[in-house]
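Quick one: the structure is below, and I'll ask about it shortly.
Letters A, B, C and D mark the chains as written, and numbering starts fresh at 1 in each.
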Amino acid sequence: MSKTAKINGLIAATFTPFHEDGTVNTSIIPEYAERLKAGGVAGAFVNGSSGEGVLLSNDERKLLAEAWAPYSDENFRIIVHVGSTSVAIAKELAAHAAALPGIDAIASMAPNFFPSSEVPVIADYCQQVAGSAPQLPFYYYHLPAATGTYIKVHELLQYAGHAIPNLAGVKYTHVDFMDMHQCLQLDGGRFDVLHGHDEILINGLVLGVKGAIGTTFNFIPQVYHRLMEAYHANDLDSARSYQMKSIEIVSIMLRYVNAIVGGKAIMKLTGIDCGPCRTPLRNLDAAAFGLLEQQLSEAGFFELLANPN
Amino acid sequence: MSKTAKINGLIAATFTPFHEDGTVNTSIIPEYAERLKAGGVAGAFVNGSSGEGVLLSNDERKLLAEAWAPYSDENFRIIVHVGSTSVAIAKELAAHAAALPGIDAIASMAPNFFPSSEVPVIADYCQQVAGSAPQLPFYYYHLPAATGTYIKVHELLQYAGHAIPNLAGVKYTHVDFMDMHQCLQLDGGRFDVLHGHDEILINGLVLGVKGAIGTTFNFIPQVYHRLMEAYHANDLDSARSYQMKSIEIVSIMLRYVNAIVGGKAIMKLTGIDCGPCRTPLRNLDAAAFGLLEQQLSEAGFFELLANPN
Amino acid sequence: MSKTAKINGLIAATFTPFHEDGTVNTSIIPEYAERLKAGGVAGAFVNGSSGEGVLLSNDERKLLAEAWAPYSDENFRIIVHVGSTSVAIAKELAAHAAALPGIDAIASMAPNFFPSSEVPVIADYCQQVAGSAPQLPFYYYHLPAATGTYIKVHELLQYAGHAIPNLAGVKYTHVDFMDMHQCLQLDGGRFDVLHGHDEILINGLVLGVKGAIGTTFNFIPQVYHRLMEAYHANDLDSARSYQMKSIEIVSIMLRYVNAIVGGKAIMKLTGIDCGPCRTPLRNLDAAAFGLLEQQLSEAGFFELLANPN
Amino acid sequence: MSKTAKINGLIAATFTPFHEDGTVNTSIIPEYAERLKAGGVAGAFVNGSSGEGVLLSNDERKLLAEAWAPYSDENFRIIVHVGSTSVAIAKELAAHAAALPGIDAIASMAPNFFPSSEVPVIADYCQQVAGSAPQLPFYYYHLPAATGTYIKVHELLQYAGHAIPNLAGVKYTHVDFMDMHQCLQLDGGRFDVLHGHDEILINGLVLGVKGAIGTTFNFIPQVYHRLMEAYHANDLDSARSYQMKSIEIVSIMLRYVNAIVGGKAIMKLTGIDCGPCRTPLRNLDAAAFGLLEQQLSEAGFFELLANPN
């Protein structure tokens, strides 16, 4: 498989492991990578929002890219998120990724201070970042709820498609399915559109989506593999049923602060302890953690874990 | 077909016709109803947001309900929107609709002053309104972008399902497909979930949606009929292609202030002149109107009109 | 004092009394009006947001205007709020007020469905409403947090100053002191700018504000009278101290849902029982009510009540 | 004057000078500092939002702190903003400032990714940052419009007042005057509250504000000096008149994208060319720049410049 081909399958939005003292703990990553590969996951998205990327120092972000890079192989891609409020920092991180054997692509969200929803402004930012890693595919990470950049992504792809030769597509974490549809249809389907909301994956599949990046792919990728199989076999009742199982787990996760705090706590319950979250994320106390475990248990989460394929 | 059965097909979110002096013009409604029926549309949604319902006086709203009621038949339902900032007004309009032969259902959005996102509060409002027309199916009209009521609708349906015996379902005009999916799956599919965003209808179909209420069904229902046929024949390429045609027309419409101002102008171009919009909606000048016509022409809109079936 | 002169002093944003069954209870109004006059309050604002105006039927709004009108006198003005999502309803209520002896002025907020922040659109709405009561002063009620109309009011006053001869000024319930300053300075101070946030009255006084409309003027007008006296005597320490007392009471009030629910409960504690709030406002249970009473007691509220002058 | 005393007077929120190629240009800073001192300005706020702080690399931020530090003297304080989405970066910058002779204080806004409005979370962030520069006064920079952190600052000061010994106060760039008043009155006036919106300075003075940090203090500090003098002489008509002059200039500035883009362009017109802004800020074209100059000229801006004292 060429690494410039579109992504087919599930990319895990990885968590950043911390020691209890708050420093980055890369010692867990070998086991983490093995787990993902064993579950048929197609790659790791590193230093994204699930990975608390913008809460890290630049050195920490580089360290994580370096720790994941060795696990790249023909069935497993490593995509590094390099976005920052500072285009200068994003460029530095892009250049670092480009120099690192094993990194398959980079991604960047829009800078979230002075948020702009002007396509030429965002295109300029992307061009500077993508241009710092010209040999790697570049994905625009569309996350308007966090960045405040409410552009129509198909307009960005159209506007910047020529100026950014390595513009590969978009990680689409938003609910504007009209725009997502337009992205998918643009230029005969030139761009790779990666679905970013696990709980509504089926709504992207009907538009032709082939790949996805998500948090719950860290623990229960099999639910989504089965969903996609059923969908492609035109067994919609089953596909909807798997999506409802995903909704059940996501709903529980989101009750615990947000997808990162809740997700990291779930990760610990699956046997890989990624440690605490960093300020301004806050951590669950023991009572909340116990309740989470109980609710997951009632939802059949641990049976799912026992049947990963 | 029983009028309490779920709705299958397309309901037009009708415009309110005005004379040039701003008074309601019911003289157009016979032709309007004929047009919709000839196009295979399954009903009319009266006094909704496309109908400028909350911009009307109570008497005007009653007049419009009365003008549409005679067109109810076994293939064409009349649903009257009765929502108001004042539950007292909503109840009065509900009772009026209930007393009017031909009205098949009522709907109400949440009161949009002092917006509440507490399910019991919205349930209380709905119970009072639905209770004023107990023999008619009641639909909750979910339009959070206008009302500010960001509840999870499946929680409302679950909470109020017993207390409101005539709670039939929801007109779902929002992009929370996770919640929409949960509404559809609730209680073995008890509730009728009517899709409210024309440009992403396909994203609802994949969840099992059967009916929809929309503005562009006033002019080009055939695009959506074909979309649904192709979808159900598992011809997804065609279904997506029809959805893209819908997106093209909707995109043009939305450039002209909003779906009501733009939509009413398009309606005029189709030969049914619904007159101006009421304050605080503003009307297009001649230059804008000409540009709209040109853009529609370039999009093949008039060829579509010439081939309504 | 001419009723077209600017307002000097405090206008109470009155609550609408309801019976326990939810119907309007005008029997309390004589006592209510006496209380306000005894406290040196300069008038009553009827059917505003504190009065749950847009939650009432049109007939109920007229009934309240009629119940308050007899209490107009040379030291006490009755201002009726007539705003509605429907300009047709607002015009009807304006005409009713105009025909009612005793009504001294009308006010209207912007229509809060399809919110517009275009000055000509809001001016058109105001012109239609003000034109239905041409012999009464008209106040624009600026409440963007509820209406979504984020215009600069000084631009509206400037734009509409000629077209609306009875445009008297603005009830300014927002925190844009730059705009408020510009309103006050416009045309040599032609317009009456009534301060709308009790807890920051002093911030308006420094700009030259002379009148205010507020919820806590229903119970503790003396705090504000003393504040204004101290301010005008250039005793800023005392003025700030009275403002801090106001902040203390307002802070407690706002803990109980909002200024209407909390305010109406406080009103009951002062001996005038205005009954429950209407849906979608919800009412305090006994425990919350008891806590409110205790917190007010600790803040010295009841000593204030015992010393009204 | 002790550098731990409260700030009395005006601190300029400085712009970061760039060369045309986008690199930082410190060569202008000597002249810039002289200008500010000649105008009676009491200090420089470095790397704040006007300074495009979070658009810079960490090294650039350190370079600017180093370039300004030498201009600290008994009448001129240097305050360095160290805030970042990453507490790790903020701590690094705080420690750098602490080690730099001449830096008089640091400030930090809340991290603006995963925005939190929980006081303990923000207190924890502040404690980590302030603790990295324990010998310097620490100011919380309240800028909720950019950070999304809508806490009540007086609650933060109260909560963290003991845990953060060097917590000096707040740069208050928001319109919640109730909260600002509570900050000023807290603990007998322990905390230093620096006003952050030039155009409404008078609304802070009435609460007892003594110091301010602002963008237009870069060019026309004399307007504010006169305003404060008139205010303290109880000549309110004059004070309001100076505030209206400030409003006029600020209104023009804000027409040109925002206070940074417009402000930097005005700075160039005053003879100190700070170069372009960095992505995602965009720069004015020649036509816009010419219009800005013309509007400033009509507003008497250049006469003001000619009379700086």
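We adopt the following convention: contacts are C-beta pairs under 8 Å (C-beta built on N, C-alpha and C of every residue); 3 or more make two chains touch, one makes a residue touch a chain.
In this text, all values refer to a predicted model and were calculated from it rather than measured experimentally.
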Centroid comparison with chain A (C-alpha atoms), farthest chain: C
Chain centre separation (chain B, chain C; CA means) in Å: 37
Chain B and chain D, separation of their C-alpha mean positions in angstrom: 50
Sequence positions of chain A contacting 2 or more other chains: none
Chain-to-chain touches, reported pairwise for every pair that qualifies: A-B, A-D, B-C, C-D
Chain C partner contacts - residues on chain D that touch it in the complex: 175-178, 181-182, 185, 197, 199-200, 202-203, 205-208, 234, 236, 240, 243-244, 247, 250
Residue ranges of chain D touching chain A (in the complex, touch as defined): 49, 54-58, 60, 84-89, 92, 110-116, 118, 120-122, 124-125, 128, 146, 258, 260, 278-282
